[in-house]
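What follows are several structures.
Each of the next two complexes has chain A plus one more chain, namely chain B in the first and chain C in the second.
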Partner chain A sequence: MRELMARRVNLLGAATIAAALLLWEAAIHVGLLTFTYLPPPSDIANGFSELLSTGELQENLWHTLSAAVSGWLMAAVIGVSAGALLGLFRPLWRYSMASVEALRALPVVAFVPIAVLLYGFTKEMEIVVACYAAVWPILLNTFAGMRGLDTRLREVGHVLGLGRAAAFWKLQLPAATPAIMVGLRLGLSISVVLTLVAEMVGNPAGLGFALVQAGQALQPEQMFAYVVVIGVSGIVLNTVLMAIARGVFRGQMAAAGDAA
Partner chain B sequence: MPVHADQKSAAVPSFTCENLQVTLVGAAGANVILDGIDLTVARGEFVSVLGPSGSGKTTLLRVLGGLQEKSGGTVRSADAPVEGPPADVVTVFQDYSHSLLPWRSVRRNVALGIESKLTKPECAERVAEALTMVGLQESADEYPWRLSGGMQQRVQIARALAMRPSVLLMDEPFGALDAMTKASLQDQLQRVQELTGTTVVFVTHDIEEAVYLSHRVLVLEGRPAHVGLDLAIGLPSPRDQITTKESPEYLALRHRVYEAMGHGKRHA
Partner chain C sequence: MSAMATPDKTSTAATAPATPGRGPGRRRNGHSGTPVRGLLPLIALLGLWQLAGSPDSPYYPPPSEWFAATRPLVENGTLLPALGWSALTFLLGLIIATFLGASLGILVGASRVADRALGPGLEFLRVLPAASLVPVAALILGYTMEMKLAIVVLPATWPILLTCRSARRSLSPVLLDVPRTLGLSRKERLTKVVLPAMTRPVLLGIRVSAPLALIIALLVEIVTRINGLGALLGAAQANFESAQVYGLLLIAGVLGYAVNWLVTLLEDVVSARMGTATG
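Let's look at the complex of A and B:
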């Protein structure tokens, strides 16, 4: 039990981060680092509490995360169902493979100006961009997971008299769950990134815009505070997703060696 | 004489093959694997299929189980021609770890084939019964990949038994297990077969196992393979790992099968 707690908290890892921060702080005070706009961690902490006290941070954080997560949720529904359909029906894949490959290869950033044109400077635009970015890894991983069903398991289904529908729900989909989870995790981080990009170059709102604004206002301590918040929220989102997955798909995740 | 006097409908055999031919298409083109197979498996009979590796034992089993198409002749399961897996025939595969659903507990693995056909209490009862037959009641809530190889194979056998099949097709089910586990599973299978009267077609490369368990042993030979030897094993049941294997009858039968497999004289 103690070991488990220790692993969860990872004291050594935390100590490394603390040491790096101390080093950073010291290097600036001693004069080793002399960038004009590189604040020491203590200033960043001040910037953070300023943003917190005005409520700016919470507002921007909520804006960005709600957009990213909504986009990602849409992508999850679209990506998993489309990936499952493509995995189930071969002809469908043959017709759409070229389009999927082409669209996937297009850098999503290039899609942002188009989304701005279509949806204007709105939160909807951010959601659409996040969704578009996240849908590809989710779709392709779902597809691969569905196709990757062991021939033996397929035969087990035949032998035990499982029909097509039962084989899908009881064999193919659960067998694809670890692959789908990989897609969902990739999709989640990509949707956060693209939401930020959409805010930096499109809709002037949320963490992305606040970050750019702080930079332009020559407030590096606020800028760095935002960077830290963005980083931490990415980690938190991923942790929450994995915790949910372990709860809901206990067997699949344990079998894939993820929660054992 | 096979030792299964108490069978009711012995009139309708579990399987009848006439002039069966099977062609597999591989990288090097079509390959006739089995040709001219005539075979009848009586209800309640335990038949083992032996043969050198690559002789088509597994292919024969897959054809009986409806997992492989034939290219000629006829195959009938009970009264009906085999087209896809027959309803009351269940195949048990050698690779248990790939045949079990790793995300389902042992209990839910065993329930897989019956859960949508029965009510919940009926299903639970059948699962419990099948697990008891293979002695796995205590591991019901464990995940299969946490179990030993022998236990995993018992889960697969329990899953097959839960279907209450009239025929079990077993493809080298104990091939990947150590000698001790193998012996105890052989005896368990023997007991279950006697208890349920299930017909068993058992593919193995282990001559001793075939003679020990079966009412009849078939040896495939030639390329394409045909039935080279069809030998009734008239040993009394129940059989015992020590006394049966020391009896002169067992040794004589074992001798004949080894010879049919090409041992003793020369080795191919």
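Let's look at the complex of A and C:
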């Protein structure tokens, strides 16, 4: 959907955003919007270039993204393998799926204080939180992808006399790829969010802490600049992930109508 | 946290693996479909933890300690009001988000031009992690209930808005022509045709939004320490009351289950009333 929009450049959409920004700017100068700490877009742009020139922005961005992505990578390995195991072995599923669902239903943010207790104010804490949060969507989507294998494909495997391992490698895994990608994308955005939360509540570093700090220093323009950066970096991460997936799993993604 | 579960991705996640055989009917018994004995590992783990854990461990206090540590909060009357505040924030936020999301979604989906004009802006706001808005809202609106609500409403609106938008966009033109032929007024058209057709998408949106709204409500409370369950959690962590943190986590989990159960109930009631048509 978003890809489709990007391909056909949506001038009208861009114009609307520009108009909204102008309106925002004008409303503040005219005095329609009178929140003390709501800066006009031009100030936000200034704040952005300020942060960029001091190098604060790059440093914080790197800290947050590296923590989020490493947590996510761990989650990808754990989630895909655990999800595949659950999808492949019925008894394992029978004797553990309910536990998985029970754990998953606990609100993730409530785990942040526990992680802070266990790991202190460290980057490991951020990574653990990001990993924990991202594991669930990846695991469940992998599992669903494995289980959702078309019966006809399963029969084809039987007819061709594929063994368990071969069937997994040649049928189940490729068929589950689009579902796994959905899980990975969801997981990526969640891990970024939880990294931010971990920085706000725990480790004083990275974008999350910078946001809180800018707020306490009453520098709303820097704060909004950070918010925009966070939004854009989420989009960029997602786009990169999709581009990689399309390159590596060309066949599978196309078979799914590039769904995901 | 629009980012917690970005709506249309989640809905694909939920629907994509569902092959025809596992439609709505299967979903209803989907919960009982997962064997209860699957809870065994979790119970075993907790039991082991209880037996092996030392009661004064600062990191892994055994489950019995959790209850002991949470009891004072019940006794001094802080836990119940906190639960009430969190539940209130959640409910109000979700209700506002539902109205906002449904009406905006229907409006945007009804017009191609509006859809194209607002699309990219909505997409950006959707992927923006709500967590990043907490400090912003706190600064602009202050540490108030309105601030809490504003942060809960924003991310919870997107799933509902987007499902309504696409449902409205793909609404069969015939369905709109019939009332015109029957000479129904604008209002009747809305209440008799458009709104019933939107009920299911709205419910689907709520299914995604509800857990999100709860998470965000907790998050706001943890970060800003305004009254609520999240604030208690944050305070317990700051005081290194680890057993209490685990206990509160458990309570937050129960709240999560309650929300999930309520949404399922709502879905069942509505689908019983509406029949199984309009799939």
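The rule we apply is simple: the second predicted complex is superposed on the first by the 249 of 260 C-alpha atoms of A that agree within 3 Å, B and C clash if a C-alpha of one lies under 4 Å from a C-alpha of the other, contacts with A are read in each partner's own complex, and residues count from 1 in each chain.
Simple rule for what comes next: contacts are C-beta pairs under 8 Å (C-beta built on N, C-alpha and C of every residue); 3 or more make two chains touch, one makes a residue touch a chain.
All values derive from a computational prediction rather than experimental measurement.
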- Query: Where does A:A243 make contact in the superposed view: on chain B (first), on chain C (second), on both, or on neither?
  - Reply: neither
- Item | Touching partner for A:A166 - first (chain B), second (chain C), both, neither | first
- Regarding the shared-chain residue A:D150, is it in contact with chain B (first), chain C (second), both, or neither? both
- Message: Under the stated touch criterion, which partner chain does A:H158 make contact with: chain B (first), chain C (second), both, or neither?
- Response: first
- Message: Between chain B and chain C, which one contacts more residues of chain A in the superposed model?
- Response: C
- Thinking of the overlay built on chain A, is A:A14 touched by chain B (first), by chain C (second), by both, or by neither? second
- Item | Contact residues common to both interfaces of chain A (with chain B and with chain C) | 150
- Spell out the part of chain A that touches chain B in their complex, as residue ranges. 150, 152-153, 155-156, 158-162, 166, 170-171, 174-175, 177, 249, 251-252, 254-255
- Using the touch definition up top, name the residues of chain B that touch chain A in the complex. 65-67, 84-85, 87, 90-91, 93, 95, 98-99, 101-105, 112-113, 116, 143, 145, 159, 163
- Spell out the part of chain C that touches chain A in their complex, as residue ranges. 1, 3-6, 8-10, 12-13, 16-19, 34-42, 58-59, 113, 116-121, 123-124, 127-136, 138-141, 211, 214-215, 218-219, 222-223, 230, 233-234, 236-237, 240, 242, 245-246, 248-249, 252-253, 255-257, 260
- Item | Interfacial residue positions of chain A with respect to chain C in the complex | 1-2, 5, 10, 12-17, 20, 35-38, 93-103, 105-114, 116-118, 137, 140-141, 144-145, 147-148, 150, 178-179, 182-183, 185-186, 189-190, 192-193, 196-197, 200-201, 207-208, 211-212, 214-215, 218, 220, 223-224, 226-227, 230-231, 234-235, 238, 259-260
